[in-house]
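My questions will all concern the structure given below.
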Amino acid sequence: MDIITKDIHLQTNGFSDIINLTPKIDSIVSETGFSDGFCHIFAVGSTASISTMEFEPALVKDIKEKLEDFASKNMKSHHSETWGDDNGFSHIRATFMGPGITVPIRDGKCIVGTWQQIVVIDHDNRSRKRHVVVQIVGK
Amino acid sequence: MDIITKDIHLQTNGFSDIINLTPKIDSIVSETGFSDGFCHIFAVGSTASISTMEFEPALVKDIKEKLEDFASKNMKSHHSETWGDDNGFSHIRATFMGPGITVPIRDGKCIVGTWQQIVVIDHDNRSRKRHVVVQIVGK
Amino acid sequence: MDIITKDIHLQTNGFSDIINLTPKIDSIVSETGFSDGFCHIFAVGSTASISTMEFEPALVKDIKEKLEDFASKNMKSHHSETWGDDNGFSHIRATFMGPGITVPIRDGKCIVGTWQQIVVIDHDNRSRKRHVVVQIVGK
């Protein structure tokens, strides 16, 4: 067994912008040549999350609306009042959803459903560069 | 160190039906003969989640009620309106909770609390077959 | 590759008390001497969670308030009514947030953001001893 660590850098729009990482992760997994193992995907920073979802435009809208409902971009927060950066809601969303997930690999491919894509959600309140770490552990 | 990948197939009732996977996982871990390592449990598909909880009937009711409160089966969603499958709420619940967890193993056993069971929650809006992947990494 | 399992025992105040584990985890990772790998952090028990956040007092307050908003310590629950331990809300919070996370390691250090700390959140309704398992897998 061995471990390979790769980086994905991407530009996001914030406010829970959702980006499909699956094609990039599939190609990273494929390049390792590992047949069996798993893939860990981790969002660096305290205002982004990783999860899976059916990546289609209507559901992207639904998830964004539910996140707005859960912790609105207009909510008052001690964090925003203290630091003046207005992104208390971003932190709250990220801490609830968590920074990463692990996906199993078999026959050189991620074992996911046909309508299950791996996504990064950037909850921050501005466009920014994001760093996602992808680790493949396998044989 | 080595990795062993196993599949659990089960029948669920949907609407956040909660099923205790612990006995099955304990037996998979035991069969590997690994003393130290960890176990990753992953729900294939975009409408199910894995977590831990005290698996007792009253709390099962509470969790289901909180999920209904969080994203009701009667909520309107762009996903349901677009695709007509009425399970937007299922996707939202699943993406928030996440598709998998990892549990440490020591002395050949999962390190969990006495009242901490590993569960799959099927959020979909119908009875269906579920596929859960269990990977044991250890030595 | 090898795996090393360590235990953290700590005293918490309950009601979603949030404790920064980063210094302890940094020192565990450093002691392993591993250059590349990952670290899995798992809360034993069904009323605690692990996540990441910017660990600063204002945001600690915000997260605790949002958890209270999500599942109040005064909420009625079947669990509390059945068992008389008044901590149904603690279980609900813990099951939603999940019991653990995995963090990548490179050059002997956790790859996290400058303002991203690893925390345990004890949702229980009393002061108690907590057991967190830290596993380092690497080379």
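Order as written gives the chain letters A, B and C; numbering starts at 1 within each chain.
Note that in this section contacts are C-beta pairs under 8 Å (C-beta built on N, C-alpha and C of every residue); 3 or more make two chains touch, one makes a residue touch a chain.
Predicted, not measured: the structure shown is a model, and the values here were computed from it.
Visitor: Subunit A and subunit C are the same sequence; what rotation (0 to 180°, nearest 5) superposes their CA atoms?
Guide: 120
Visitor: Given that subunit A and subunit B are copies of one sequence and touch, is their interface built from the same residue numbers on both sides (over half shared) or different ones?
Guide: Mostly different residues: under half of the interface numbers shared.
Visitor: Can you give the whole-Å distance between the Cα centres of subunit A and subunit B?
Guide: 19
Visitor: Check each residue of subunit B and list the ones that touch at least two other chains.
Guide: 1, 96, 98, 102, 137
Visitor: In their complex, what parts of subunit C are in touch with subunit B?
Guide: Contact set of subunit C toward subunit B: 1-3, 5, 40, 42, 44-46, 71, 77-79, 81-83, 88, 91-92, 94-96, 98-100, 102, 133, 135, 137.
Visitor: In their shared complex, at which residues does subunit A touch subunit B?
Guide: Residue list for subunit A touching subunit B: 1, 36-38, 51-54, 56-59, 61-63, 66, 96-98, 101-104, 106, 111-113, 115-117, 137-139.
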